[in-house]
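Given below, in the form of structure tokens, are the structures.
Shared between the two complexes below is subunit A, which has subunit B as its partner in the first and subunit C in the second.
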Partner chain A sequence: MSSSSVEYYRKELPSKVQTIGLVLLLVGLVIIILGYIVNPARSAQNNIIGFTFVVSIAVGSLFFVAIEYLSGAVWSTPFRRVGEFLSSLIVILPFLAIPLLLNINSVFHWTHPKPADKILIGKAPYLNVQFFIFRVIVFWLIWLVFYYFITKNSRKQDQTKDQFLTTANVKLSAIFMPLFALTITFTAIDWLMSLAPHWFSTIFGVYYFSGTVLAALAAGTIFIVLLNERGYFVEEIHTDSYYSLGALLFAFTNFWAYIAFSQFLLIWYANLPEETLWFLDRWNGNWKFFSIGLLLVHFLIPYIGLLSQPSKSNPKRLVVMASVLLFAHYYDLYWLVMPNFYKDGIVFGWIELGFPILIAGLVISVFVYKSKKVNLVPIGDPKLKRGIDFRL
Partner chain B sequence: MMREKILYSFTAIFDSPDQVSHATEKVVEQGYTKFDVHSPYPLHGMDKAMKLPPSKLGYVALVFGLSGTLGALLSLWWVSAIDYPILIGGKPLFSFPAYVPVMFEVTVLSASIATVLAMLFFFFKLPNNAHPLHGSDYMKKVSADKYGISIQADDPKFDEASVRKLFESVHAKEINSIYWDNEELTHKHKIFEPKFLTFLLIVAIISSGTTYFTLNKLMFMLPFNWMMEQPKQSAQQESLFFSDGFGMRLPVAGTIARGYLPYQFKGQPDVAGEKLVNPIPISIESLKLGQTKFDIYCSPCHGYHAEGDSRLRGQFPNPPSLHSEKIRKWSDGRIFAVLTDGQNIMPSYTTQLSVDERWSVINYLRALQRAFNAKESDLQ
Partner chain C sequence: MSTVDYTRELSVLEAKPALRELDDLISKPIETKPNKKFYIALSITLSMLSLLVIGLGLTFYFGIGMWGNNNPVGWAFDIVNFVFWVGIGHAGTLISAILFLFRQKWRTGIARFAEGMTIFAVMTAGLFPLIHLGRPWLAGYLFPYPSQNSIWVNFTSPLLWDVFAVSTYFTVSLIFWYVGLVPDFATLREKTNHKFKKIIYSVFSLGWRFSNRHWQNYEMVYLILAGFATPLVLSVHTIVSFDFAVSIIPGWHTTIFPPYFVAGAVFSGFAMVQNVLIIVRKIFNYEHIITLDTLEKMNKVILLTGSMVGYGYAMEFFIAWYSGVEAEQFTFLNRALGPYAWAFWIMISCNVLLPQLFWIKKNRRTIPVMFAIAVFINVGMWFERFVIIVTSLSRDFLPSSWAYYKPTLVDGMILIGSFGFFFTWILLFVKALPVVSMAEVKAVVDGAQPSHKEL
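On to the complex of A and B.
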């Protein structure tokens, strides 16, 4: 078997990383708890951003793992564990959802529609608290089940080197793919679009999906490049593999811009009051500058930064651009959530810092925890050798 | 007449990619610049071994892509905001969002066309279908299962003995010399070759045929005709929706068209004189507008200064001067009544002048009257 020729020695991540992760985790937690005491409504609004952001990274990473199995890609096989580690965030999603669900009335005003509000009464069969919570739980279980079985097979292969585990994962991935499309679409509708329950956009699910994929890819890229530069994977990995990461980041940057613009253009053209009001909320007062900023961080900067061919395989450039894109996704979610509540202008304070800090700590800690128990390289995977030898 | 053969290059054949990579490194080391490596499939790392500079093709794409973006933006702006301004859907004349798709498409189109053309005709130097390597045994081998290097005779360092020595030192399997084809070198290429003309004719027939078929037949077949057959009401068509069968509907009773307030004092100039108030305050703009309209519509009969000095030379009865005591005492509303209803043989001006324009003409007329009957105090 070809994979037997791969030499891999597990290297522990420095304990400094673990400490940083834990400190961030604690600081974030303290800020969030204080925030919930001082201003529960605003904390819950931030909680939505935080929750959807973690969903993006966790479920998006699982999406990439599944895509690798389905397409038979080899270049990403040496790095697949990064995606598997990040998708383990799925397990802790309930902890992020529960504080929000306890404050559900202060963020989703469809939970208590005015009797005269015919539109919300009409949407009530879908938008009601019981069904909402039901959906949240079902979607989570779907993600959890696929996360559990796919990563379990992958881990088992490290020992058994059994090729049929790959076949099993291909089948699981094929089932997961349509479910992923549906769950991500409805997550976007439930958590983000229903914040403005009178408004609707049929492309909204795809919009969130484009951000999800980009965020998962960006998070993965940061880990992959930083770890590979320090030799945590296998020695011989060539920087040609970076090019694929760069090209994917670039492609999905364009995809996001394409979808975001499609959503805007149709609404702008038709100019129907019930549709344009959503964009007006994001154009009033100083939200205008925030919206222009979104265009910069989510499109122009990464677009120019990744346009040229050499920049797509330059490790430094990749880490910088991936960080910009990861930040851009949080920025994007903030842009989706906050203008629904603060029509007069941008709000920013210490409460807003809680979730980003917590999530940074969470992602690092989970990664460190996983890397202690599981190989960073899927040494039993039959595609591994070809992945390491990958050349453009 | 036989000419002496001209040497094009020396070639070496190798069995494995490793050998050819190694040989390439040697060739570069010895300082040859005009050489090429051939293999049946792309060899990884060969561009590095050959010390090829990064391709410049990307810059062609960048420059032409950006020109496409800018060209599309400028032409859309020129067409829709300057040359032929039409308001569409209440949008500003220069509506950037509407241009973005076009700009995007033109960028992609011009970048890709320029890249392909530059690649073929600039970087690959086509049409060059008489390359001396073509048809040689060397080319047949390296496009099947062998690897080869060809060092050109016009390389400044080229020297038969040393190239041969170099090739031998890297264990080339075969060493050959390639000559220019004399016949090809002296051949005069005709543009009007029968083969070429037949080819053009076939292309013309096929492309015009498919165009005709697409535009006249295909577009009227299912499902392409769906856009044409919409469930909408066409002009003169019977309506199945309204019970009276009329497709065109009257506006709701009492509807007033924009800018056309109904005139309430038809036939009652005196009442109009009492009730109507001039809504247009005197301003430079109003006077200028009034002057333009007065000179166009009133001056032929009333004269440029409203003195009743018609330019019509008796073809129409001369109107009275508008500087009379009577008219000066008339209210603006009373004059408005004349312009709106007409008076005896003076026609109505409702179709030529909008309400606001009529009031502006009256403002101008007042200025003329004041000028003719200036008071002492006006001079101060």
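On to the complex of A and C.
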């Protein structure tokens, strides 16, 4: 019953995919560079959305890899490499952060508080440029270290089939969990909550976390289902394994809605001006429609789409709903960032397109690059056989 | 260090017992007459329960002036106990419904007991809002109905939402528990020779004949009920947290309350399940059914939820400073350094520091250690509610009305009595019904599932 009985033939991704990825990457890059030349402030605002979105996918994927080790799950083992590939986006995070940090003054107004603004001056021990950059670097290093060691052990297992490497990764994952919770929380506070530096909400870190895991899961689901339908994993993987993906997407959709509603209801009910101002910014002018749209795209559509039992293991439905949810996370981040700057109404132009295109290209290119070097299936993993045999 | 073999699924039960053996072992406490120890335990819990009766008698006769509640502190032991007991109930639904949805087979040994505990804990919790009314005979007004005076309940109050949430939760938990019991009632019906018992079991087993079709329907109902119970359990403690968080009292009004209350509830509930099951498995010789592996997994859940609670405390403190709101900053400093600092530090040490011992595998697998930690967790979780409720009320915006709250003897009697009430039910439960689900446990014996065939 060793995992050596699993037959896996490597199949290269078609070169077309690589071309698409590179084209998107270049187009996105051109738009972003032009954007930074024409309107640096607005580009930097979009850059925040782009950066936090990639953090969500990259670090969120690492979270799922770690959860698999910690919980001893087997159904996801044949697909775990997808999460590992996506988490390699952690490596390129600095390239997304640097242009923003160069324009830090035009997005974060706590960098230059008015002398009369006592509240912001009170927050200066936390909200100052040096400490902010320090946190960005430290968080990135934490993610990088755990990414490096967890995926290294996993790759090594392809050759050695050593069970001890799984145990080592279980331990690494356990240490990663609390660090993940803290780094994601403070990333949310730093990059998103401090855009409205007078506003505060204790649940905000959990709110971003709920979007993070959903986005990572959605991105992973798209890759897993599309590749498995074309036979890139092991041949006999049963659609029962999809059910777990669908159920998790459904569960985290509800979790996001629960957290978002808790935050909204408590602030609405207490009606304190220092808290409601944030929601009022998102209800002014046509932002109202954007906010209602968030409810639709982030909750109602995926909720209805994934509610029934058969829909959770239907590959087409899964890809559609995962795409909706991935889009919803970008939409959510836009909703978190943009109303802070444009109080009168929604802004949308070609500058807004740069980062989504770049990120799509980036994710595809990184995935292709990784899949050329590493097996798509962790062939040495002791849980692989059980994962392939998994039935509901 | 022992190495784990990841290539095969770990057995839930130890030593592969025969199916007949399991039936006999689990139904033994029901089929035999209770022994002396049982009566000793029962007399202890009944004595505690009598304290509740006396405490409530005094309260009803003289009014709630018998309690320590004073002017700023209008909510104290009564609401603390309510939140505590509702929280205890949460582990039951987590184990029976949420872990079921997550396909965690190790839950089978402990699910039945945990569900039963949920029901008794919610019953205990339900006492407190009633007695807090002061005139409990008017409790009927809590339910909205078109009365002659056209007086309606206040639909915008979370206190009313509590009435709906807790009563719905209780109903669904009871149904869920009963549905799980049906096949076991049928087994008991087949086993007993006693005429009267046979009639009772026949009625409750609803004509169950162990047919294939029965099982199919049963599994579908069980899945659907688990799906219903999951949002319900989250909603209950969420709404309990709304009781505080919708107000503008510093220390109460904070947006993280809903998930943090739910995590705290699961945390204390698991500690309680773990405590009682350690005793049950020893007395009834269930050590191979409720294994050390199962207890270790429970301790991991305790560590996880305890850390979530710690995250909640930390976030509250950080945001209180970050907000720049003076009243918030004062409230949190007052908790840690003010007159109730002793309660605050009991809470921190029991809920955040002690559970960290579960990072060490040896502690997760040593019975006396885990038992002691879980006892402290329940102490800590009771104090958490005390800290939240009492410190915020005793010193709010107006320093001239600050006051220190001290419980009275009657408060203490009601608190101890509530434990008596709860444990009396538990004792009757373990003698009257199978504490472990016979049907489910038989399904996780090695070889019972198709995926086991290659063993």
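In this text, the second predicted complex is superposed on the first by the 391 of 392 C-alpha atoms of A that agree within 3 Å, B and C clash if a C-alpha of one lies under 4 Å from a C-alpha of the other, contacts with A are read in each partner's own complex, and residues count from 1 in each chain.
Here, a residue touches a chain if its C-beta (ideal position, glycine included) is under 8 Å from a C-beta of that chain, and two chains touch if they have at least 3 such contacts.
Worth saying up front: this structure is predicted, and the values here are computed from it rather than measured.
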- [ ] Overlay done on subunit A, so just call it for subunit B and subunit C: clash or fit.
- [x] clash
- [ ] Using the superposition described at the top, determine whether subunit B or subunit C touches more residues of subunit A.
- [x] C
TODO: Considering only the touch criterion stated at the top, classify A:345 as touching first (subunit B), second (subunit C), both, or neither.
DONE: neither
TODO: Please indicate which partner A:259 is in contact with in the superposed arrangement: first for subunit B, second for subunit C, both, or neither.
DONE: second
Open item on the list: In the overlaid three-chain picture, which partner chain does A:310 touch, first (subunit B) or second (subunit C), both, or neither?
Closed with: first
Open item on the list: In the overlaid three-chain picture, which partner chain does A:167 touch, first (subunit B) or second (subunit C), both, or neither?
Closed with: second
Open item on the list: A:231 in the overlay: touching subunit B, subunit C, both, or neither? Say first, second, both or neither.
Closed with: neither
TODO: Scan A:391 for contacts with subunit B and subunit C and give back first, second, both or neither.
DONE: both
Open item on the list: With both complexes superposed on chain A, which partner does A:202 reach: first (subunit B), second (subunit C), both or neither?
Closed with: second
- [ ] Check the residue A:123 against both partner chains and state whether it touches subunit B (first), subunit C (second), both, or neither.
- [x] second
Task: Doubly contacted subunit A residues - partners subunit C and subunit B - done: 265, 269, 391
Open item on the list: Looking at the complex, which residues from subunit C come into contact with subunit A?
Closed with: 3-9, 101, 231, 234, 238, 242, 245-248, 253-259, 307, 311-312, 315-316, 319, 322-325, 359, 450-451, 454
- [ ] Using the touch definition up top, name the residues of subunit B that touch subunit A in the complex.
- [x] 44-45, 54, 58, 62, 89-91, 97-98, 100-101
TODO: Using the touch definition up top, name the residues of subunit A that touch subunit C in the complex.
DONE: 1-3, 72, 74, 118-119, 122-123, 126, 163-164, 166-167, 174, 178, 181, 185, 189, 198, 200-206, 247, 254, 258-259, 262-263, 265-267, 269-270, 272, 274, 381-383, 385-386, 389, 391
Open item on the list: List the residues on subunit A that touch subunit B in their complex, please.
Closed with: 261, 264-265, 268-269, 271, 307-310, 391-392
